[in-house]
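Have a look at this one before I ask anything.
Read from first to last, the chains carry the letters A, B and C; within each, the first residue is number 1.
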Amino acid sequence: MADPRFFTRQGPFTLAVLAEYTGCRLADGMDPERHVSDVAPLDRADAEHVSFLDNPKYVDTFRASRAGACFVRERYAELAPAGMALLFSEDPYRCYALTAQRFYPVHAPGEGIASSAVIDSTAKIGKGCRIEHGAVIGAHVEIGERCSIGANAVLHEGVRVGNDSHVGALSSISHCYIGNRVIIHRGVHIGQDGFGFAMSREGHVKVPQLGRVMIDDDVEIGAGTCIDRGTGPDTHIGAGSKIDNLVQIGHNVQVGRNAVIVAQTGIAGSTRIGDGAVLGGQVGVSGHVKIGPGVKLAAKSGVMGDIPAGASYGGSPAVPVKDWHRQTIALARMARMRRSNEE
Amino acid sequence: MADPRFFTRQGPFTLAVLAEYTGCRLADGMDPERHVSDVAPLDRADAEHVSFLDNPKYVDTFRASRAGACFVRERYAELAPAGMALLFSEDPYRCYALTAQRFYPVHAPGEGIASSAVIDSTAKIGKGCRIEHGAVIGAHVEIGERCSIGANAVLHEGVRVGNDSHVGALSSISHCYIGNRVIIHRGVHIGQDGFGFAMSREGHVKVPQLGRVMIDDDVEIGAGTCIDRGTGPDTHIGAGSKIDNLVQIGHNVQVGRNAVIVAQTGIAGSTRIGDGAVLGGQVGVSGHVKIGPGVKLAAKSGVMGDIPAGASYGGSPAVPVKDWHRQTIALARMARMRRSNEE
Amino acid sequence: MADPRFFTRQGPFTLAVLAEYTGCRLADGMDPERHVSDVAPLDRADAEHVSFLDNPKYVDTFRASRAGACFVRERYAELAPAGMALLFSEDPYRCYALTAQRFYPVHAPGEGIASSAVIDSTAKIGKGCRIEHGAVIGAHVEIGERCSIGANAVLHEGVRVGNDSHVGALSSISHCYIGNRVIIHRGVHIGQDGFGFAMSREGHVKVPQLGRVMIDDDVEIGAGTCIDRGTGPDTHIGAGSKIDNLVQIGHNVQVGRNAVIVAQTGIAGSTRIGDGAVLGGQVGVSGHVKIGPGVKLAAKSGVMGDIPAGASYGGSPAVPVKDWHRQTIALARMARMRRSNEE
């Protein structure tokens, strides 16, 4: 179970409650009033716990598990140990995630404005907000309802935040509209002017960056990530997209809906990332490039041109992932040949 | 036009004023007293706007543009739409940048020391400075005139800052001399001790880092960037150099004048970057290497040896950029051959 | 000598004191009561300074050095200039590091709690601690003796810190146990929830991250680095490990003892790094991978599979370092062949 020093558990819950909450069907013959008191992975769960089987690799662990209940696809029902209560779903990991959220809801330490927070007299703060110590809220900032602003965070003049959104400690935000249910982690910097210069030998002249950053609903942005504001057009992060830690997003970048961008990836100016695209860690994408919807980029890919919808690419310069594997095999063969020559 | 929530526009200005300010020549027959009220790109400009043509790719956009005025090289004059006032320059983008600065001067929200800033009694703050809420200014810090220190920024003991410089919110600076007109964005960390250890199996022993960071005039440093202080020699960033977000600069690194270092690049200890060198995003340079003046490194280059002045390199390990393209083509051919074998 | 604006020097010390402090043997015939007043590299040292010879590349510099004293392996004794006092050790760099620490001990600006620090009434702060301005210490935090917490740093609810540890300015820490003599630099973010989602086209569901971050004794963590907490298991950094700036460490990662992780490296979830492993800069390691003890990874390596103990790997995808060099040579040859064809 989670360390009570940091986590507060709710529950127990009956199987009926969890089935309804997650949209699963409880297998026939199971007692809907049976209680479970926590979540746990298959190999650590006991009779009090609810677990899940998603990846078929873990079928053996499932067969041997002592979990009292389990989210699972119906086709694995026969393999379940005796006495395990099965909750059927075609997306058992999603059900598990929702259940874990139910047991461990996001800690809401109560509303209120800390005594050392500094809020400009022209700022508007909605009902139920929490503003932590040392936070600085600038002129004409508007924050919706039930938001939280972390300790020592800085919201610059004019920033607008929707409802139920969270800005982490030590983050700074300017020139930005933030939607609803957005999670911005700690140490995130949004809205600084992008890297725009008229370059010349006599010295680079700064080009004013006159756009904004638009962050739609349900976006999550990881710790230490930087998002520059647009040059005149805006930088835009589409609804539901998830951005990991230490990512760099340049001016005018357009990220579609439900995209996933893993840690330390960098996206140069004016590039477009399609809906549902998944970029692995440490990927680099050049400026003015179009990454189609549903594209998958392997970690460390270096992308310099457009990639069509649904394609999987890898390598640097990135190529279709099958070609990348072929290149890797061919290189290994060449190295082997050199090695035999050396011997 | 830029969102008035975040930007305050000056003007309008006459063409005569802009021509003088940017050093351009107004084409014959144009009315020098004609006014423009804003900047805009060619495709979005109307009669009230001044635009620019720099990249010849956009000649067709230029021909169709409704911009009232345009910075352009004289040789394109014949292609201009009727009625467009032309401002001739061999560096039209630079003129546009200066003009945009004139319309949208950097927002200077007024001098003064915020009530929650903490300033050591031995620190000296020049005239016209702005110190924002929660900033912490240590003992013996000296700040010149007309500087601004952002909210919750931390200047450690002894740091010296010239005139007209800016330190962003949530940045920390120690062991550092900062010149004039330097822009340090938010979340920048300068002067921490570099990664120096006498390594051994029994445990790594920390080597005291006894140098400083010297930042010359007109340098700009992007959000989230880290610059370690020297080991005894100093780390040095030359005048006019521009460093993007999330860059890592190790101890004793020497960056020349007017260099450009794009986001997420890392430069290891004691390496020297020549004047005017341009390093693309996610480049890595090993320690103790010399990158000559004017060198260009493609994004994601991995540099392990010296590179002569003026050369263009790419790949990892980096090679002359033409060889890198040849390697890429050869690899693609090998992958194709494997593919046909598979079929 | 180090800039007295930033560094305070102790000493002078006699050779006898330094020999005892570092465990060296003073060469026969040298006066143990002779004093040295500072450390310096061989080429800048004079009669007042103590230096070191570690890398045999610098033997000529050693022969010509004017240093009054020098840590050196005994086998180089014959090459020493006349009058130089030799301090024999098989690890002269380590002795030098310890000596430099003696001359320039870490600046301890005195204990006390700054007036603008905010400390929850349920937090426990040990004797001799220093809490700087604007720091925010949450409920039930426990800090041991002689710790320092930098300006505007944020320790969230329940965090526990051992003795003699340091948290840098503008860092945030949650869900974390920190050992003794740990150094956390500035702008570090530890304990945020990792990047865990049940992904689906209808929107990614957040998976609660119910683990912690455990940081053992003598760990050092560089500026801007992010370490996510575990999913249920913990993220763990073993004793004596040194992590550089802007590193990303995902949930459930296990780093062994005395590992070294250079700047901008990223380690994906559930990966294990063995004792004493050394990861160069900008390395990327996939999730669920085992890097054996003593493994060395060249800068920019991309690791997608397990690596056995003691091996040296490089390239992306990473291969044994000799094979990587062979690949590089083979690629260079192919590019040369294409070039001749072009001519």
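The rule is short, and it goes like this: contacts are C-beta pairs under 8 Å (C-beta built on N, C-alpha and C of every residue); 3 or more make two chains touch, one makes a residue touch a chain.
This is a predicted model, so every value here is computed, not measured.
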>> Suppose a student superposes the Cα atoms of chain A on chain B; what rotation angle should they report, nearest 5 degrees?
In response: 120
> Between chain C and chain A, is it the same set of residue numbers doing the touching on each side, over half shared, or a different set?
Replying inline: different
> chain A to chain C: how many Å between their CA centres?
Replying inline: 29
> Using the touch rule from the top of the page, what residues of chain C touch 2 or more other chains?
Replying inline: 116, 134, 152, 170, 187, 224, 246, 264, 282, 316, 331
> Along chain A, where are the residues that touch chain C in the complex?
Replying inline: 2-3, 5-7, 39-41, 44, 91, 93-94, 96-98, 100-101, 103-104, 109, 114, 116, 132-134, 150-152, 168-170, 185-187, 218, 220, 222-224, 240, 242, 244-246, 258, 260, 262-264, 276, 281-282, 299-300, 316, 328, 331-332, 334-339
> Along chain A, where are the residues that touch chain B in the complex?
Replying inline: 116, 118, 134, 136, 140, 152, 154, 156-158, 160, 170, 172, 174-175, 187, 189, 192, 195, 197-201, 203-208, 210-212, 224, 226, 228, 232, 246, 248, 250, 264, 266, 268, 282, 284, 286, 302, 304, 316-317, 319, 322-324, 326-327, 329-331
